[in-house]
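Heads up, the next two complexes both have chain A, just with different partners, chain B and then chain C.
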Partner chain A sequence: MASRGGPQRPNGASQGKICQFKLVLLGESAVGKSSLVLRFVKGQFHEYQESTIGAAFLTQTVCLDDTTVKFEIWDTAGQERYHSLAPMYYRGAQAAIVVYDITNPDTFGRAKTWVKELQRQASPNIVIALAGNKADLASKRMVEFDEAQAYAEENSLLFMETSAKTAMNVNDIFLAIAKKLPKSETSGTPQPRQGVRLNNEQGGQQSEGGCCK
Partner chain B sequence: MDGKLGSPHAGLEGYDSKRRSVWCVSVCYCVKNEIIEDMDGKLGSPHAGLEGYDSKRRASALTKEHQERVRVLQNQNRFLNEEVRRLAKLRGQEHGKMRLQDSKVRSLEADIEVWKLEYISLIQSSIRFTGTDTIDDAELYLFGGDRHKDRILELLCEARKINPSLPTYEYLASGEVHVDCYGFKHHFEDDGLLLHYLCQELSQHFLSQANTFEKHQKNWLLYLKQHSKHLLAPRKELKALVRAGIPDPHRKQMWRAFVMAKVEDIVLEKGPHYYRTLCNSVPDSPTAARYKKQISLDLMRTMPSNVKFSTAGSKGIMDLQDVLLAFCIHNSSIGYCQGMNFLVAMALLFMDAQDAFWTLVAVTERYHSPAYFDHNLLGAQADQSVLHDLMSEKLPDLARHLDAIDIEISTVTLNWFLAIFFDAVPFQVSPCVQL
Partner chain C sequence: MSIKAFELVPVIERVKLMSDKAKTQIECLDVCGKNMYIGTSDCFVVHYSIDERALANGRIVYSSEKQGHKYLVVKKPVAQLRAASALNRIMVLCDNTLTLLNMFDLEPIVTGAKIKGVVCFCINDNPVRTNPFSVEICVALKRKTVQLYTVTEDRMMHLRDVTLPEQAVTVGMDSVTVCAALTSQYCMINTDTSQITDLFPIDDNVQPVIKRISKEEFLLSGPSALGIFATSAGISQRPPMQWSDGLTAVSFVHPYIVALNDEFITVHSILDQQQKQAIPFVSGVFLGDFDGRIFVASSREIYSLVPIPFEKQIQALLADKRVQEALELAKNANKTGMSREKFVKMFKRIQQQAAFIELSEKNFDEAGQLFKESEIDIREVISLYPHFLPSSVNFTRSVPALHEIADINQLSRSDEETKAAYKVFLKEFLEDIRGTSITHGYKLEGDVALLKLYAESWPEKLPELLADDPGCDLNDCVTWLERHNRLYSLGLLYQHHGESEKALAVWTNLSNHELLWKYVDWVLEKDEELGVKIFTERPANEPQSERLRPETVVDYLHRFPRAVITYLEYLIFQRRLEKEKYHTHLAVLYLEAVIKLMETNGSKKEELDIARSKLRHMLQMSNLYRVQLILGKAKEKEMHAECAILYGKLEEHDKALRILVHKLKDFGAAENYCQVNSRGKDPAACKRLYHILLSVYLDPTYERRDTLVAPAMSLLNNAEAEFDNVKVLQLLPESWSVGLLSQFLTRAVRTSMHNSRMTRIERMMARGENLHVKQTFIEMQRDAIIMTEDRVCAVCGRAFSDPTFVRYPNGVVTHVHCAKNKYICPVTGRLFR
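Here is the complex of A and B:
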């Protein structure tokens, strides 16, 4: 199994495979990457979600038939100048969700460049999903569904329009990715579970007197 | 004699026996005065010499008698004086004992506060994590049914007598929003998390009641008084104080001093009205226009849970916008980088807009290297390489472990550096880390 001694499900479903996958979210600033993750991981939505600095890390587990899929999610910052850091986050990722805002055509253009970059530089078998977020704002729509779907088909991407606000298609897109990921015995990120003791030899180097009260 | 009698009078109140002695002394004093006056009258009378032998003898007998009485009174006076002295000494000793007892009681009381703190921390640490690894999903798991919960609420009740700004359980449990001392809103749907939050608030409270904290506050006051002219001069002393935490009431003053020391030359060169001038030039500035969109996107996404920044158009939001746009014009090669919004918001929680502006200048241009926030975040990335190398050298076990599980440390630590731990530690801690 990919993750021996991995987390036991609380309901005791220890039989069946447990796979871990690294998933990265990419896309223009304020398209709703963090909101999608928050909806998926905690079932919450905030009208104003704090902007992401660098990247945030979260995990969520989904059950798929007899397989438990644990997503290790890297939610990245959208501003252009964080672009140069993106490879650090998508390196080794088995899945990516590229997000755009259906009310803003620029963000769709930016999504396309992310897809291109992933196809060129990420792991060759990476599963890429395209998410047209803010689908609840249909009256302000600027990117047509058909246009995005055609683009997705051309590039063999999963595609859904989503709404973190109404939860529309949020779990679905993650599930669709989970289904598409190869779940062989060796898939996923291998996870040796034993930790490392930090103060073994370095104990003496700890400076006394922390800086905080 | 007057002097002798007069001086012990001062410290005599309080004890019955002493009062009695005082009374005796003053009675003796009066009697003595009467006698002396009487004798004076007799001796000074012009007819004294004419009364003849008899009267002379009577007078001398009277004088003798009077002298005898004076002697007795003097003895009494001496005795009473001694008594007064003895009692004063006893009183002094009692005073000393009381002081000792008082300080013992105080230190025991402080000990109790520390134990309460320990108890609360223990409960706080009894958190069970469910699947998703984040604190928001933690559950408080208490053994013994409601026993601990009741105890927490009792302690909270007590603590509220001293600090009424602490929230009540009932208030939070009814779904109301509590605004903490920094302006952050808290509300809870889960009872366990609510209790956890109360424990956190109680810990803060007990910490502020502890002996060490009081001493720390005193040390700060003393420092600020002694070094009001040159706040930052005694580096070593200051370092120790700052590392133990700047008390909130002094934070504004100290942050300002640190920031101004870093940017002194720029302030001198640009003049005192620089920030205002920059703000006024925003509407015509192409640089400001270039970043305005991104900044606008982030304004409401900066500390949305803080009352200062949760309403569009509020002073907090306008100040945030002004400072960020002014900075774009001030340093057009850096412009606006996500993360700065949090730095400025943090500064605005404690300082005014102009000081927050200089704080941003100090952090981006002086504390960090100028390339830190540039278009490729070169400086920030360089720092991460340095950190990586340092870790290999200082913590080789950890470095090997992270290598083995294929985790790049900078994915975790980049934010720590960029926004100075803003989203990496609980809020109460971050102002302490930042300075």
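Here is the complex of A and C:
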């Protein structure tokens, strides 16, 4: 429904419309997923962020031109033992941020795996962003910017190097995602339950289609 | 952080069976209305009726009575048991076989409907096909299949099969979706399409648990003891919950998820996924919710988890100052069947309580937000600030109380800084809500409080408030503004209430003289006489100020002739300033006024009279002006009456009286002059004055002296005039007959006789009084003294042997021989004389 309604509707027609998007963060443990979210949602940074158990849920609203975009953010746990839960959280998501740590090449490899998994299993229209976090530790850089960017272009991903610590590019990457998402006629009075269920249907049908291919 | 959400109440203390020897243990149970069915480890189904009663103190107690039991013959434990009240049947799973029993007599159904090879089964609580006299169940078979059946009174009709990759261990169902725990993973099975969505793998050491918690949503036990939510679409819409290890059963009663393991019953909130309560409960075997009631069983006992009423839980949270949790819980209370209206009322009240807690914690933003959202009666807030409610408003805080705060003094523990912060809060809150619907009906209260706050600390905001139609009444705003010396604003307030007179009076009192000067011009230009009141009606206790020095004011008022007169009059007659300058100034001004009137032709006589009498009064009253200056001008203009007064001031009575008598021929005035000028002087001076007047009358050099005989006589006969009679006799012309003078003479003789007699009487009376005082004095000194044997002399310390002794007026008693001097106290040395 989202893709059907979005582009045809002229922008001026619905002023002050509210769009709600499910966004999931994926990536190896300790790359800074929770820190990115914390920075984006609360503007805070904790040097010693506890590792996430299972998954965490936060929301943040951003304004984009005349549209209010509400992100429902699912911050998944990076630890291996929780890996199996990830599909539960990225199913039906319209956007994903795959995070790696620029000082750790293994996490970049893991990020690629996540991207592949998303491309295979998640909604076909999902907007994927690649975030090279910990950009403040440039002196310990192990993953080159160009390399990551080349990979992102190849897979048509949004790409930014971010730093939750210095807040560099944190809001920007979320805004970039918001811009790229199709703004459909989501209800003016947001009803979380309803909104999500619409998405579910969409996700269900599409993953079904994906399977058959 | 914990909360008491449930209370464990025993339902059946010891499950009674036929034989006590049998090692009967509870395996499973179901509750259906008042009926409780228990499946045991030794193949019995036992029927109890349970009764729930609330005691007067609100506690819930259960009584139970065994109704019957049934042995199922196979010697295997009863694995699962569910009652289907619509069918009057119980479904029993025992020895992998699902059978039906009659709900009341527990007898098997004769049709023999049964399913074999069953691992587990579940009832679809949200069936798509709705025949009220059937129940849809999902059955997991040993042979990697789940089957759907419709169960009626006597039959189990097979609907469809879904083949699975593995055997299902436990199942849950909602609508067309079956959630199944296979041996290695959880999955969602769409029974219409047979499509299977994999969820996540099941760890080897975790007992799979599936609990349907709402429409198309299940709760599953996940890896690392996580509780994972999953919708029929395989999506998790709530963050996971951290459970303890070894979970065996889960129940859900909104908003609490209750889980059982070997040692504890844990309670999590579905709202924030946090653990709220842990109840120790060892060796629990079964936990289930039945129509909103939770029952838990150990091997021999059954308990109910009785929910603590929401209200109570919320109050407990509030008492712990856990505002967020309380609000969250309150928001969800409407899901417990409360009417919308009642809920809104309750919720607002809780918001208000929460707001006061936030306020006491100094979380001002939150408090303000909550106050606004809950549409608090603003008087509740203002009443925390002593004296901020208008005195005319009779307000008592709501009962039961929303908070236990006495006032902000208590909150701030009289720390001024904190107190100030509270006041800032109130100010911002009131500003924020001003004009919104919250203040509806309480505009007065709100504006008065704002006014008081501004008066205290934000005076610059007062004019704005007052300019903008404030609802303030006059009563205590006036006193408040006065107390804080916000007089300019007070003036505005009066103006606003149409009391311009008072406004002016207030501005008059402006102690901020800078401000005052701003308004003076305007006022004076409007009305000199009223405006000058600003200067003349100053508060008595006002400190002296450079800006309001009389010189400055007089200089300033130069442009306003009438004002300056009024001001000088004020200075002289009211403030009684004794400065030559002002007196002269005023006198000159009066004089000028008179002259002006005299020179203008056709001016009214009355006006002139008034002006002159004013001048005369001034000249008469004051002793400070420069007499010569005035006299010069007065002489020039031939103002005799004034000259007379001026001469009088110069003590030139002769000249003064001459003017009065000769020029004005106003004998009354002359007599009056004497009277006035002798006032307060000794009789000799007084006599001298009259004498001068008499001399003027009898002046032999005055050519028309015959005309003065009559006034002279009337003067002599005037009762008030006093004369030295001898001198008068000397002065009188020889030619006057005694007959003419008889009246005077008689009076003179009489007076002197009278004086002599009066003096005598006075003398005698004084003497009598003296005597009287003496007597009183003696009486006062006389006092009875009781002498006893143990009384000793104050001087030598020995006893009294004679009846004679001495007592001094100060009470000291001695022997006669010890009293050496009767005027000096031998002990204190005090002198009596």
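One rule holds in what follows: the second predicted complex is superposed on the first by the 170 of 213 C-alpha atoms of A that agree within 3 Å, B and C clash if a C-alpha of one lies under 4 Å from a C-alpha of the other, contacts with A are read in each partner's own complex, and residues count from 1 in each chain.
In this text, a contact is a pair of C-beta atoms (placed from the backbone, for glycine too) under 8 Å apart; a residue touches a chain by one contact, two chains touch by 3 or more.
Everything numeric here is computed off the predicted structure, so don't read it as measured data.
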item: Which superposed partner A:Pro87 touches (first chain B, second chain C, both, neither); value: second
item: Per-residue contact with chain A, leading partner among chain C and chain B; value: B
item: Partner chain(s) touched by A:Ser29 [first = chain B, second = chain C, both, neither]; value: first
item: Touching partner for A:Gln60 - first (chain B), second (chain C), both, neither; value: first
item: Doubly contacted chain A residues - partners chain C and chain B; value: 53-57, 74, 81-82, 84-85, 88-89, 91-92, 196, 200-201
item: Residues of chain B defined as touching chain A within the complex; value: 130-134, 136-137, 207, 213, 216, 243-245, 294, 297-298, 300-304, 310, 337-339, 341-342, 373-377, 381, 394-395, 397-398, 400-401, 404-406, 408, 410-412, 414-415, 418-419, 422-423, 429, 432-433
item: Contact footprint of chain B on chain A as seen in their complex; value: 7, 10, 29-30, 41-42, 46, 48-61, 74, 77-82, 84-85, 88-89, 91-92, 189, 191-192, 195-198, 200-202, 205, 209-213
item: Sites on chain A touched by chain C in the complex; value: 53-57, 74, 81-82, 84-85, 87-89, 91-92, 196, 200-201, 203-204, 208
item: Residue ranges of chain C touching chain A (in the complex, touch as defined); value: 195, 198-201, 222-224, 226, 228, 230-231, 233-240, 242
